[in-house]
Structure formats: structure tokens, C-alpha cells
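Got a structure for you, questions after.
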Amino acid sequence: MPNIPKTCKAAILPDYGKPLEIREVPIPEVQDGGILVKVEMAGVCGSDLHILNGNLGIKAPPPFIMGHETIGRIVKLGRGRTHDAAGEPLNIGDRIIWAHADCYDCYYCDIVRKPMLCEHRIGYGMAPPSELRGGFAEYEYVVPVTKVVKIPDEVTEEEAIGVACAFRSVMAAFEKLNGVGYGDTVVIQGAGPIGLYSLLLAREGGAGKTIVIGAPANRLELAKKWGANHVINIDEIKDPAERKAIVMELTNGKGPELVVECSGFPPAFAEGVDMVQKGGRYLVIGLTSPVPVTFTPYALVQKNLQIIGSGGAIIRHFYKALQFIKTHKDRYSFADIVTKKYKLEEINEALADMKAGTQIKPVIDNRNR
Amino acid sequence: MPNIPKTCKAAILPDYGKPLEIREVPIPEVQDGGILVKVEMAGVCGSDLHILNGNLGIKAPPPFIMGHETIGRIVKLGRGRTHDAAGEPLNIGDRIIWAHADCYDCYYCDIVRKPMLCEHRIGYGMAPPSELRGGFAEYEYVVPVTKVVKIPDEVTEEEAIGVACAFRSVMAAFEKLNGVGYGDTVVIQGAGPIGLYSLLLAREGGAGKTIVIGAPANRLELAKKWGANHVINIDEIKDPAERKAIVMELTNGKGPELVVECSGFPPAFAEGVDMVQKGGRYLVIGLTSPVPVTFTPYALVQKNLQIIGSGGAIIRHFYKALQFIKTHKDRYSFADIVTKKYKLEEINEALADMKAGTQIKPVIDNRNR
Amino acid sequence: MPNIPKTCKAAILPDYGKPLEIREVPIPEVQDGGILVKVEMAGVCGSDLHILNGNLGIKAPPPFIMGHETIGRIVKLGRGRTHDAAGEPLNIGDRIIWAHADCYDCYYCDIVRKPMLCEHRIGYGMAPPSELRGGFAEYEYVVPVTKVVKIPDEVTEEEAIGVACAFRSVMAAFEKLNGVGYGDTVVIQGAGPIGLYSLLLAREGGAGKTIVIGAPANRLELAKKWGANHVINIDEIKDPAERKAIVMELTNGKGPELVVECSGFPPAFAEGVDMVQKGGRYLVIGLTSPVPVTFTPYALVQKNLQIIGSGGAIIRHFYKALQFIKTHKDRYSFADIVTKKYKLEEINEALADMKAGTQIKPVIDNRNR
Amino acid sequence: MPNIPKTCKAAILPDYGKPLEIREVPIPEVQDGGILVKVEMAGVCGSDLHILNGNLGIKAPPPFIMGHETIGRIVKLGRGRTHDAAGEPLNIGDRIIWAHADCYDCYYCDIVRKPMLCEHRIGYGMAPPSELRGGFAEYEYVVPVTKVVKIPDEVTEEEAIGVACAFRSVMAAFEKLNGVGYGDTVVIQGAGPIGLYSLLLAREGGAGKTIVIGAPANRLELAKKWGANHVINIDEIKDPAERKAIVMELTNGKGPELVVECSGFPPAFAEGVDMVQKGGRYLVIGLTSPVPVTFTPYALVQKNLQIIGSGGAIIRHFYKALQFIKTHKDRYSFADIVTKKYKLEEINEALADMKAGTQIKPVIDNRNR
């Protein structure tokens, strides 16, 4: 049993727009059902840039410990916390990831059966420092009702870290499709982690051709390594009409059966609707900031389109994403998503690199700490 | 066997924006597989107003015979045309309705399996006068590849006329839902024929509460007669925020599980997205003119919405709509949709009344001709 | 606050095949999250006859308090039990019904997301007398993790009692259909509560024609009152081939698009498969005892059939069924399902009447107790 | 333009149970819409063994030319036959495969929209010799209403031949699944062409683990080469209980989420139902002979199973299967399914080898003829 300190270091956002500060914070008591973990790895997410500036749809008042993508190693289990959501036993030393703490006791959880819409959701990465509910820290506290899953032994931290945010969201989104069509063409707008995982699920869902539209070049390189048949670099092909022309040429003039929005860039929406094949589908995952766009809904009727929005995920999707990595390790170099590792004290540098777009998934690596 | 004349009267649009003119046109030879019908009844459609002015998405150069919602009585059957799409025998004197002539021989018909997207579709109501492919006439020619279905004996022309355009489109749209939820609340935007038939399929699909938003009062009266639990008159409640507040109050603060757009009014789109419950669905049927709107796609992700666009229908939906009328006659007064009957020579008056919104479904009634 | 006694009367199965005995049992302490209810009404279920003789698939050793369909009035709320599964506040005096206590913490609850398959399910109606978890009693104890919903004020006990077992199962089953086809013909095998509620959801899901096959006459009378277009009395038409011939005649020689098995009679399975239309669906709900049948699976391939088995339900379905009753009260006389009321002391008589098939839903009525 | 002879050689079944005879038969006139092809390759199918003995569900009186899996090279196009079902132009010299000739003009084609249930289907491989509608011949006549698709240039005859029967059926079946679950375990019963293609669509639909149960060893070798994670040889493990135990061990005691029946062996049905995970699905493709089995339908209710039967396919599935081969050539050695090639005159030897099970897909190879 490891010796648990009374306090630990954490990276705190003091106020919107300010750099994070490393401070010493108290480690809370572990309640019945709660779990204390040593943070092994914490991912920096595109949405952290919005959180930093108070631009995300969902908000909380600073100061708070940031970081909502974490792999933790269990150091203490609260009473009654004996197994994970898949029924596997939990022990000190196990590596886990977790979902939001949804209540499983409200209209959206129990009647609608979509806990990602829970009205009492407790999230991670925006909580007061005393609650230690953020990943940019040495330890993190997983509150009692939080669903967790163990990381399979075969899966490394570099491979698993993307599951904590991007991949579980992509898994939740793709499940809403009820199948990618065998042999269909799929266009993916965006080449960040959301786009890259979407590429994999499109390919492994039966797509015949995949086209990734995004930037910069290093992300597109990974897309090609992971099997994208074509990539379109938006830094080079800046005109949407020109991009559409390329896609049309690649699809026999018909457009793709499925477009997946993973860009977070609102004007991409009209571009996706414009490009998708008649009778096709448009899966929207990345548009997390409330920016209006101009769009002609006549296209929905004329082309008989289906648009599916997907935000969030539940523990099922964390589990399914981990299983997918475990069973597809031989096909894809999942660890390549982590392009640079930083110390906790380098968190502001990691955020700056994320903003510059030079890294795909920067991570805080505490493993040797 | 009736005596078929060489020519007949037809109402022709001479040029965009001009009144229709009654002219004598030739009756074409009936080819193998073709059908000549005496027009019994022809409906005036909201989209006729767009066609009149050249504002519809789909266009053809005038002059042409207008009218795309017709009930015809068979006067001549081309060789090989022995039965309808449901396998029922066809005979002189039978009443039929029909779909567009889709080719069943192109990528969209055979591979995608959505003939409403057919690339070689032959439509009715925009063809050159010599082809006699329009309903505002004494006779109409149904070209060989057109799928037709017989009207059941139990169903009158007044009951069936809505099937020829609005109801079959609504049937096609509701099939895409894979079920309305039992006990769910459904908001219907629009109280014209599309909205009224949507009300019926919502109710008979299991909806617990139905709310129709539209105008004018006579349409809302029929909505109430057909079982709408609540109606909101947009002539009285002009502010979308106020309408939303009413809907929220009627739905326990949650919004409806399903919104159906049947208004043809582009700003309704943002209102529907705004109003629908988290995790809900939005079925868009009425937006047939290419007008841009401003909209925040973030709502798709935040609320996990599904938007389903539906345009057109195939013969299956004509058949299903007719069956529905036959089996639900005891529950609904289907004939009430026809609020006024006109002679063929009164076609411009019928179009003017449609424009004024004083009638729900004006029809040209040739039965005593 | 009512005065809660220390003990109450309960009907206990002393041993398989023996009559129930009314005994005085202790009322347990109400734990955090638990609820003590006064039993207002308890339904006698067809499966009680199997339980009585130890023939049900699921088993427990006697003695136990029987009764798994209960409406309870809250007399004590454990700490933390403040609202029902739909988020409505719970108070002393409210009427509730409830689901099994599924753990929401195992592979089937959290990963598969089908709590009806929960590996740690705590049921009602087979528990040791000291746990007071059975409806044939004066009081019943609802254990902490059990999901509950309030009965709407507009709904009476006679209307609601069927929700506690048959109707919630039927709701769960029909949701798996993703829509009954508009205008389709539905055959229902069995005219007990499962069959009667299936009739309603078929009708209100859009069916054009409904045919109920069952017995005895009083059940078929209610089926007709609830809108069945045709009934076939198996006491009169004993030969399956003859029944099939009638159904074929009613369906233009094609058979029904959907058959719903609600009979609990294993040979009905082959009859359903034989009768269903090519391309059709077969929903199996009633076959709860493990009896083998002979059947030709070639029919699945030849006719392109889909067979959907459904057992159990979750709180969503209790809620949806109650909403359905509330919103469809004007269409159906839901209370007619309760054909006779008995005192708790008359439980053996109620069970005997169930066995004789003379009643549809016999209930223990404690309301004046 | 090739010189078309008046007659050609064909292998004719003279009577049930007799060896095929090579006879000279007339080559029919090419009607409008018809196509005459030189047979390049014709596959021998497992069902040919049933046809030979008159044991198949579908029957026709001998004598007839056998062979229902053909790749033909166009030698003459009837008037009006200008393009394939995907809209691609057709020319003399193109290689095509085709579906049955469904009428696209009956209740099942037009209303139910499942042409595999067509009431007027014209098939291949059981027609009178004078009609030249069988693949075991030098030429074959494709009748006018038959839908055809071109084989992409990138795909060889060895790769494409399986599409003409097994693969298109598997594609049709898997489409009914609406997605294989990402990371799920899939058990495939049977290792013939149906089983092998099912393995591919399971893998490429996202399965995490695939287990193939079948024989003989050479088929299982190919299954492993194509990525099966585990194979179970039924010649070695003869006891179903033992096979189930192995599957349970490989699935953490839970069983597979999906079982696919591809064996054609009726007792496999009960084994599949027994093995599938609670809440799982069972896809039945291979059971094409009408043999009764004993089975306990209680399992459907208890385990909440879904059983999907699938027989036949339409041209969409031929097209999708060809596209799949084209886009997945780098992942799988599709040509390996053809294990031996025979001359037309060796047809009885090919049938004998099929019966002995020594070959996976024996083919008649006319390419050098």
C-alpha cells in the first residue's frame, strides 16, 4: 500500500486567460465508493484552449484544476468500490480511466437512457482545487458515482490516453450510425484526435475509401499511416469549392455516402452538407463552441439527408474504445497520437504547443514522478 | 369502352407569373405500358405557387400543363399494363394514383435503393402540353414506367386526393423515423396538408401529446378535430420565444421528443432545433425552397440531436397512405382536407385562394364533366 | 405520518404446490434509499401459476411471499430517496410502481446497457418472508437500488395495475420493433394481459388491421372492445391449419407483416413462423417456460424473417406505459382488464380463478384495508 | 465484334441423381434488353449438390443446364441495354455478373421493397436447355429484366467469382445487422465460402475477435490467413458442448455478441442459440434445406435475443461486394477461395470434389476456350 501524502501539486487556472500555476493542494478523504489515483498521464485537449479563455459552451468559475483526460493508477479504493463497470475486480495499482459522474437517477439517465444528457453530471477538469478533480496534477480524486474501467494489460498509457476524451466520443458517435456502409466513401473533416479516431472507425466499420481534410502536415501524415486513402491539406487547398471538386472527382461525381465533422470549425458544417451524397449521412462531433453559421436547410429535403449530432459518451464507450485498441493493435500504431510528453511543470508549454497546432496529442507524463 | 376524343382541355402556364390559360391539347397515343386516364380530381398544392413564379428548386421551361396531384380513372391501358404495383389487376374504369416515373435502372434507384433520388425521374405537372402530363386537364397520360396503385373502393376521391402529394411525402418521412415513441410529445410546425397528415401519423404512431403550430384558424380547427391536443396560432403568437415558452410549459420544461417541420418557412428551422428536447429528433419535410438561414450547429452536439430530411416518396408510400385511410376512416374525417371544389375553368381562382391561405386543399373536380 | 406497525399480514407459499398461507411477518427497517409502501393493489399473474409449482425458468426456494405486480402507497422514505426515476419528487402518500432492483454496476447494466439482463438483479415475489419483498401482503419493502415511478394522478389503480408486469414488458418488447408499420396487419397470439396490451400498442403504433387469436370468450370480447378487427377463438377453431387459413383470407393470401407471441404456449411458436408474411417480423414475449418445440429454421432464410425475443423491462418502460395510459384514457377502457377483486385472505381463490382462466386480471385489493 | 456461333456446349442435368452430360444446345436470339455472354468462369456451389438430387427448397424439372454463379463477358447487347445497374456504360467485351431477374413490378418488389421475395423471379441454373440460362456452358443468355453490374478492372475472375452467389448473400445478410459492434466477438458457424466472407465482413465491420467453427482443415487454414483469431475444427471437436466450452472460455464466460450461421447444417441452429451472449444476435444465412430441428424458444425471451434470417440478395449487394473486393484487395487474398479449376467437360469431377469437401470453391474455367 503506497504512502499517501496529505497534499500534492496541481496546475490551476487562476483566472480566464491567465497562465496555469502549479500549486500545492490538499488531497481529499476517500469516501465510500470513491477512488484516489496517482495521475500517470493527462492529455491536453483542443477544448482546453476554449476552457482557458472561457469560450467553451460549458463553464465554471476559476480557479480550478484543469485536465479532463486522465489515466490514473489506483492508490486507494473507497469502501464498496470492488469492481469496474465491466465487472472486473479493482485493486490498488490498477490503471483506470473514467467517465463523468452521471447520476443514473434522473429523467435523462433513467427514462431517456442517455446519461450524456444527465442533469446532475459531475465533470472533471473544472472543479475547485480542494476537490482535486482535474488531471493536471499528481493525484486525482474520482468521486463515488463515477463509472470507471480498467485499462487492459496489453494496452500502454500512450495507446490509451486518447480514450479518455476523443476516442470515447468518437465511439459514442459512430455507434449512432448503426453501421458504416461496406465499401462506402467517408470524408472526415479535421485531422486532430477526433478526426484520426473517426478515420479508424470508418475504416474498421467497412468503408471502402477514406478522405481526410485537415492540417497541418504531421497530422495528415499520421492519417495516411493509419490508412487514409486520400488527404486534403486545408493549408494548401484553401477554397472549399476546390476541396469539394477534389472529393467529387474521387467519388465518381457523387460525393461521399458519409461525412464526419471533426474539425470544431463552424463553417465546415455548410461544406459538409454541400459535399455529402444524396441520401447520405452527416455525423457532427466536433462543433463544441456556440457559433452561428449560414446554411440552406432545403438541402436536407432535396438530398434526403440525415444529420446526427453527437456529444459526450458513457462508460460503455470508454470500454469499447479500449477493447478496440486491444484487438486492433496489430493494425494501427495507436501510440503515435502522443507526439510529445511534458512534465507537469511544463503545462503552459504543452498548452502553447496545442494552440500552435504543432502537436497532435501533447500529454503530461507523470510516470516517473 | 369509352369513346376517347382526339383532344381535351388543359390549363397551361404560358409563362412564369402569368395566369393559366385553358387550351385544347392533343391526347397522345397510349404506348405499351402507358395508361390514359380521365382526370377525376386534381389537387392544388402549396408548391404550385412556387412553380407559377419559377421559384421551386426543380424547374422546367413554360409553357406546361400544371397539376401534380391527380386521381385518374383509367380509359385506356397500354399493352402489358395488367396490374398495379401491389399486384392488383387493372381494368378500364379503375381509379388510380401514381408516383413519378423513376427509372429503376440507375445508381440511385438500384444501388442506393432510393428512387426518390432517381437521376432520370420523369415528373408530372411541368411537361410540354403535347405530352399531357399534368393534372389540371380533362385527361392525363401516365407514361409507361410510372408506378401506379388503385384506390380502394372504400375510399372516396375527397379522402384520397391528399395521397397524391402531401400524404405520400409524410408517409415516406415518418417511415424514416423507425417509430414515433409511445407517449412522446410531438410538435408539428405548419398546419397545411403536410402538417395535418403528420399530425395523424404522429398520433397513430403512438404520440402521447401533439401540438400544432400554424395558421390560419380553419386549419387549426381541423387539427383539433383530428385530435391535436394543443394548437398555437402564429397569427396570434408572433414571437418565436413566446411560442417556445408555451411548448416548454406543455412539456414539463423539457421540450418535445420530436419536432416535425411542415411549414415551408425557412426560419422555422432554427425554431425547431431550439425547441426540441435534448436527445430528440427533428424531421424536416416542408422546406422545399432554397433559402439560407442562420443556425448554430453546436446545438446538434450539445443536445445530441438527430435531423432527418425527407423529400419525395415512392409508390410504396402512396399505397401505405391509401391503406391507412381505408383502415382509419372510422377515426378521422379525411375528406375534410378538401375545403373547396372548382371547375377546371376556375383554376386561377383556386390558385388565388391557395395563395390567400383561405383553403386547406382546393381541388379541381372533373367528376361531373 | 401514518403509524407504521411492527408486523403485517402476508400470503406465503410454504412449499411448491401447496396453498398459500396468511401469516404475520415483521416489517423491516427502512434503510437509506429504501421505501416502505402500503400495498394498495397486487395483481395475480399467469406466471404465478408456474411459480406456485416451481415450473418457472427463474426459481427460489420456498417459503416466500408471492406477488410481483404491486401498486404501493409510500408510508416511509429512506434517507436520500427524494424523487422518482423521472425526477418527480416523492412524498409520503404517493402511489408508486417499481422495477426489479438492477445493480447498474455490472457488465450487462453498464456495458451492454440492458439492465433486464443484470447479473445481480433483486426481484420481487420470491424473497424470504422476513424481507417483505412480495405484493400479496399488507405492506411491501422496496429495497434501496430499486427504480420507482409515481403513478400520475389521472390514472386509477385499476388502470395502472397492468403496468407492473404485463404492460411494461409489452412496452419493452414493442420498443424493440422500431415502429409497427403504418397500415400493416398484426396478428396477436394470446388474449391475456400481454396480448391485450400488445393489441393496443399495435393499434396505436399504426397497424391497419389487428387479429387476436386466443380464448376464452370474455378476453376476446375485451379485445374487440379495444378495437381488434378480428378475433379467432382457439376453443372453437382448434386446428392451427384452419386458423392459418382464416388469417390468410384476412390478409389477401399474404399473411400478417407482424406476429406477436403472447400466449405462453410453446407450440404457438411454429404456428407464428408459419403464418407470418415473407419479409415479416415475429415478436416473442410470452414464452417464459423452457419447453422444447419442433421448428424448421429454413423458414428464416426462405422468408427473410426477423425474430425478436423480449423478456423483462426497465423503469423507462414502466414510465412510458403509465404515460400511455394517461394520454390514451379517452380511447381505451384500461380498467376493464381488472375483472375481479379479492381480499388478501382470498388469494388462493384468486389463483384458482386465474388457473381456470375465468378472469383476465384478478387483483388483491387492499385499498379499504 | 466476335463471331457468335449458332450452338454451344452446355452441361445438362438429365434427371435427378444422374451425372451431368455435355450437350450441344442452341444459342437464343438476343431480345431487346437481353445480353449474351461468353462464360468466363462458373462457380460450383454447395447448393448444386442439393439441386443435383432434387433436395433444394426451390425446384424445377430436369433436364436443365446447371450453374448459377457466373462471370460472363459480353458478346452481344440487346437494344436499350446501355448501362449497368450503377449507371456505368456497357460494351462488348465487358465482364459482368448478375442477379436473378426480379420483376420490380409486384407486391414484394414494389410495396415491401424486397425483390429477393419477388413472386415472378426468373432464376439461373434450373432453366430448360433451350433458354441457355445456366453457367455450366460456353455461353449464357441474360434475360432482359435481369440487373447486371460490371466487374471493376482491378478485380480478377478468381477474386470476383464468389460474388455471384456466396458473397452477395453475405453482404445482404450483414446489411440487415445495421452494424457489427466495434470490438464485439463474432462466432461463425461454417467455413465454406459463406462462412469465409462472413468472417471478412465481421472483421471489417469492427469485430474485435472472430472464431470460426468448421471443417476441413484447408478451409480453416484460409480462415486463419484471413484473420480469424480462433478456429475450431468440428472434425476434431465433435461434441457441441465441448465447442461451447471453448467459445465461453474465449469470451470471458459470456458468449459472443453475434453468431453467424453459415453451415447449412440444421442442428447448428440450436447450438448457435445456446452459445450467443444474452442480449446478442444470431444471423442465419446457411440453412437452405427444409429440415426440422428441436429448439427451446424460451431462450429468445430469457436472453432477449434477436434472430435475423437472410436469403438471397439484389443487385445492390453484388455491387457492394465487388466494391469491397476492390477496396480491400490489399488486406485479403480474395483469389484464395478458388482452390481448383476445371474444364467444362470435367464438371462431374468438380461436383464430386465439392461433395467430398476437398475444395473450397471449385470453378469451371472457360477463359482459354
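Letters A, B, C and D name the chains as they come in the text, with residue numbers starting at 1 for each one.
Rule of thumb we're sticking to: a residue touches a chain if its C-beta (ideal position, glycine included) is under 8 Å from a C-beta of that chain, and two chains touch if they have at least 3 such contacts.
Bear in mind the structure is a predicted one, so any value in this text is a computation, not a measurement.
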Show me the overlap between the contact partners of chain A and those of chain D.
B, C
Check: interface with higher C-beta contact count, C-D vs B-C, is C-D
Distance from chain C to chain B - Cα centre to Cα centre, in angstrom:
41
Dist(centroid_CA(chain C), centroid_CA(chain D)) in Å evaluates to 44
Give the residues of chain B that touch two or more other chains, as numbers and ranges in rising order.
107, 112, 320
The answer for chain C against chain A in the complex is residues 83, 85-87, 104-107, 110-113, 119, 147, 315-316, 319-320
Touching chain D in the complex: which residues of chain A?
171, 174-175, 177-183, 201, 204-206, 208-209, 320, 323-324, 326-328
State the interface residues of chain B toward chain A in the complex, per the touch definition above.
57, 107-108, 112, 114, 116-117, 176, 254, 266, 269, 278-279, 284-312
